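Have a look at this one.
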Amino acid sequence: MIKVGIVGGSGYGGGELLRLLSVHPKVKIKFVTSEKYKNLPIYFIHPNLRHLNLSFTSIKEIGEKVDLLFIALPNGVSMEYINKLIPLTKKIIDLGADFRLENEKDWFYWYQKKHQNPNLLKKFVYGLPELYREKIRKSSFVACPGCEATVSILALYPAVKENIIKENPIIIDAKMSSSQSGKNYSLATHHPERAGCVRSYAPAGHRHTAEIEMVFKKVNPKIKVDISATAIDMVRGILVTIHTFLKKEASVDEIKNIYKKYYQKEKFIRIIGQNIGIYRYPEPKILTGTNFCDIGFAIDKRSNRLVIIAAIDNLTKGTAGQAVQCMNIMYNLKEDLGLTDLGLHPI
Amino acid sequence: MIKVGIVGGSGYGGGELLRLLSVHPKVKIKFVTSEKYKNLPIYFIHPNLRHLNLSFTSIKEIGEKVDLLFIALPNGVSMEYINKLIPLTKKIIDLGADFRLENEKDWFYWYQKKHQNPNLLKKFVYGLPELYREKIRKSSFVACPGCEATVSILALYPAVKENIIKENPIIIDAKMSSSQSGKNYSLATHHPERAGCVRSYAPAGHRHTAEIEMVFKKVNPKIKVDISATAIDMVRGILVTIHTFLKKEASVDEIKNIYKKYYQKEKFIRIIGQNIGIYRYPEPKILTGTNFCDIGFAIDKRSNRLVIIAAIDNLTKGTAGQAVQCMNIMYNLKEDLGLTDLGLHPI
Amino acid sequence: MIKVGIVGGSGYGGGELLRLLSVHPKVKIKFVTSEKYKNLPIYFIHPNLRHLNLSFTSIKEIGEKVDLLFIALPNGVSMEYINKLIPLTKKIIDLGADFRLENEKDWFYWYQKKHQNPNLLKKFVYGLPELYREKIRKSSFVACPGCEATVSILALYPAVKENIIKENPIIIDAKMSSSQSGKNYSLATHHPERAGCVRSYAPAGHRHTAEIEMVFKKVNPKIKVDISATAIDMVRGILVTIHTFLKKEASVDEIKNIYKKYYQKEKFIRIIGQNIGIYRYPEPKILTGTNFCDIGFAIDKRSNRLVIIAAIDNLTKGTAGQAVQCMNIMYNLKEDLGLTDLGLHPI
Amino acid sequence: MIKVGIVGGSGYGGGELLRLLSVHPKVKIKFVTSEKYKNLPIYFIHPNLRHLNLSFTSIKEIGEKVDLLFIALPNGVSMEYINKLIPLTKKIIDLGADFRLENEKDWFYWYQKKHQNPNLLKKFVYGLPELYREKIRKSSFVACPGCEATVSILALYPAVKENIIKENPIIIDAKMSSSQSGKNYSLATHHPERAGCVRSYAPAGHRHTAEIEMVFKKVNPKIKVDISATAIDMVRGILVTIHTFLKKEASVDEIKNIYKKYYQKEKFIRIIGQNIGIYRYPEPKILTGTNFCDIGFAIDKRSNRLVIIAAIDNLTKGTAGQAVQCMNIMYNLKEDLGLTDLGLHPI
């Protein structure tokens, strides 16, 4: 059994991690920290986890070493604690943004804050299994991608790699859910204000641009992406509608075949496309609680526009599920162990 | 492996059954029927079941015998087909209303239709495991309770059995979801009309009264229940707020202790009650996809009113999950085999 | 023109008042106070009021006398300010709870706080126009009823007055929206937690019991009401399902006739009941933004239960609309002046 | 008083028209037709219109001539009836798609059906007041724009006219509500399927492309627009996020100034942009029931992308409100007569 600890377990990412790890056949949870809720039973905060007989502890009271530490702290916090945490564990998987970027300057540009621990940036592997599986397997430090970056990179990768789309514009129009803003409440997340909204909260300048371009610039330095993020009345899930332009004419079937070449062995990536029924393109709601990333396509022949549509559950494939997937790889377990939820319908 | 067939697999109950059975370790699905969608892949209708390489067949083309037949047909339809289905199987679990009531006259009173197969009524056992586990184990014909009856009976049973509440009024104020009305669409279920509604669709005369009173009249013939059902903007789930009056003063803790006595060994029943946090009483949303029935209490001392609050997922514990639970019992399997989903939070 | 001031204009009640008063043909708004948002333009907080060229001022900087002061402060706050406010105005309409109850002891019992200004309690008239129109007309101090009390009293009044229902139980099962909890945000109102909820937030002991019983005990001292309040995924609106028991058998038509006798001249009360279409009973969503209270009925013959169903918009008829209605009465204006919104469909 | 008739009054556009016209001070409604609901009271179908003492009649039984006929029939139907309707009226405002395009070939290309009445195409004026006010004033035949075209054209017009954005790509990413699909129900609009969806129903090839390009090609023949439409869980409203690229660098303030030049006198167009509060960009929910079109901007300096964000209520400014606005112009009334709803908050 892998002995794991979770630092920062009261947020939504931490809760999803607990859901997955608490029934994972190869994992034993040793501790979960929360400063705000220390000593309270976990199910007071995560009401779906009544089966877990465990309370939060303070990060200051971690008493034992573990094999693997998951860090689910707010952006900018894990880089402050990391030096104290490293001695407590053999491996670290960080769910936050602090160690995703390789470059200190980029971090400053996008997060407007000096990085506290730039030396560690190079040590962390970007935890996107479908692209970096072998690096993850060999690493002891993994930084999981942001949810919006995860779905966008997976949706674009074969097209960029095969050089079938123009380097720009690549416009990612993302439809976002409220759990993406985390557990901190404000007037903006107050139900009467947030319900029913279609809110352009980041029409330009979304931070995940940095991760996406970091990945793609290695493939093609000319790649440039533009993100616009709109919050809608949804608790979990992301849908990205990515507007790209084909270098040469192609059919949807040709595009699908290219993607299948890349993803046919991937358990969590599904190329969607059916011309009967309601669910012809990816939809986040039927992915709730699953680790799938569904990808579909439409082509506008008038302009040679290739629309790539992709959906995930931001808390599962976008956060905690991906972290467990990385863990499975790091321990040479079956990659979908503990990640076999199918999703519900209707929902 | 138990070889099962599903008759009527395109509805929401059938879909949920397929979700559960397709990953049940002791089950092999042999066929699924649908007249409307015959020959179409199952995932065209149930988009969460892309892992299932199976198409619908016509009920007329069932080619093989099975160990167990699940029937998920609309009310009034299974009683027409049942005689043709019995020879195809060793056991039957019916998810519909046709064989729930013992009494032909009651069936006519509540469903306003002459029963086509009254002789079979006595053969069927009412498939509520927490009350009739041993009968179910020995039976080959099980009729699963309606969702609203399931949650109401489980919520009331210890109180009625222990004779702590007045026989009437017992008012069940039920908050209902749209999946309860099934897959048949109409103007009433059209999104612009159904979204945001708080609709008194059965303020009096709800049919599940018949099942609930059938169960309780055996315990205390004076019991009478009144149901009012209100549809709200929710896809899955039921919450019942049951207004009863205590015969003698009691505290919430005393009530909880009585209920724990009845339900402490039940894997799917949880007595809820915490005075910290948001989820102090049962809530359906965190039960989505689970087989749990959560029950909680409040007492109004001014009037000696005991409010019993209970929640389920109508498609899981209220329909397909309960059917699988019955199957597990009938085959002496672990009762929660294939029914271990924890629920999601946030959702 | 009536010169009005609004004390406490940044909440939802204050915002709705501003919406109504800003286009009322007989009103001139002189000032609106908010400590938190002072000096900010009103439309920053109330984005639907971009036509209003007005900023918030501090209560300490009110510089001019008005004819009428609306107070829309949190419960327990207006009784602290009231002595300073009285000299500034000829008349006061308070939208909060502080002056609704006639009896100091009742206030303490329900609000668990000593009343700071008990002498004023007798001066205030309970501002429910359909019952106390003439008192309101003659008064200079009006305390508008709570939203849940408004709809419940209007729904029950003719039945109580005509003595056709038993004095108890009278069970008010209320379905509540998020705007009822006001503008203060917390984890409980955070969108991921509050969306999709069916939350028993006050299954017993709701404070509006005090107002309802205060009104009805004058008609029949034996009347006792029990409230259970459940929060659902709705921003505006209340639906009450009131379970009562008839003293003698009656038909829905007979009940309707009794109610019509009381309410036929009331512009804002509509007796609903149609046997075709979807909207057969009252529904809050189609009352959004209107001052209507819709009332309908169902009878359960098996138990002689009369179910009274009533709906309002909690911010309009339940708060600000009713306050404007009171103002119109106090100034001998047409009672629906400025209150003619019809409601939207679909919505 | 203008005597009006409405042909096709049972749909959502017809209902909204009835809401607006029934309280319009210069209008007298003479008849409303519906074949499906003929002889039924209007409020059975439009439950917000209980004040209207009027029933539907059949189109075959129209007995009197009117000054103005509104046609709110499904696409492809009004062109069949139009010849019979012209003799009954002096003027026509058509809310459907049949007479929006000037060119018969374009109609065939986008609607895949031969136009039945191509000679009339040139007679109709495109009823977008902000662009074609004077033509509308002089015309007797007005075809109101589609909702998605309305908001997109208004959002783009100054930028195209001033030649500040590249001619392509102009990508309109539209977030759509369920009322846009009209009153015809199907499995796709069934609440359990449609609720919570983020559905790419027209990722390419949206028909309103035709109207938008028709308008802009007159200004600049090189303009080409790409639409992707995604249905979200919303009953009323559209938000468009339009991705364009500036020819020269500009600031948001410079863009706003250009737009203000065009729209400063327009009563229904508001340039939004504030850096405090939640509602910093246009949002459809606070426009519910209003005739406003709100427009805002963001600039992505890295790519010189100008994101234009615009919102309307699809049934008001997008359909019936715009039709009433046209009527007001055609009769030289105040342009906002009967169109002064402010919108609600919270909602």
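The chains carry the letters A, B, C and D, assigned in the order they are written, with residues numbered from 1 in each.
As a convention for this text, a residue touches a chain if its C-beta (ideal position, glycine included) is under 8 Å from a C-beta of that chain, and two chains touch if they have at least 3 such contacts.
Since this is a predicted model, take the numbers as computed values, not measurements.
Novice: If you tally contacting C-beta pairs, which comes out ahead, C-D or B-D? Let me know.
Specialist: C-D
Novice: List the centre-to-centre spacing of subunit B and subunit C in whole Å, with centres computed as mean CA coordinates.
Specialist: Distance between chain centres: 38 Å.
Novice: Using mean CA coordinates as chain centres, what's the subunit B-subunit D distance in Å?
Specialist: 45
Novice: With chain centres defined as C-alpha means, what is the inter-centre distance between subunit C and subunit D in Å?
Specialist: Taking the mean C-alpha position of each chain, the two centres sit 36 Å apart.
Novice: Going by the touch rule set out above, which residues of subunit C reach two or more other chains?
Specialist: As it turns out, subunit C has residues touching two or more other chains at 12, 178-179, 187, 192, 196, 233, 235, 278, 283, 346-347.
Novice: With chains as vertices joined when they touch, what's the shape: line, ring, star, complete or other?
Specialist: Looks like everything touches everything, fully connected.
Novice: Give every residue of subunit A touching subunit B within the complex, in rising order.
Specialist: It comes out as residues 12, 15, 19, 22-23, 40, 44-51, 178-179, 235-236, 270, 274, 276-279, 283, 286, 288-289, 340-347.
Novice: What residues of subunit C sit close enough to touch subunit A in their complex?
Specialist: Residue positions touching the partner: 12, 178-179, 183, 185-187, 189-192, 194-196, 233, 235.
Novice: Which residues of subunit B touch subunit C in the complex?
Specialist: 168-169, 171, 173, 175, 187-188, 192-193, 196-200, 203-205, 209, 224, 226, 228, 230, 232-234, 237, 239, 241, 243, 245, 278, 280-285, 296, 298-300, 302-303, 305, 307, 309, 311, 346-347
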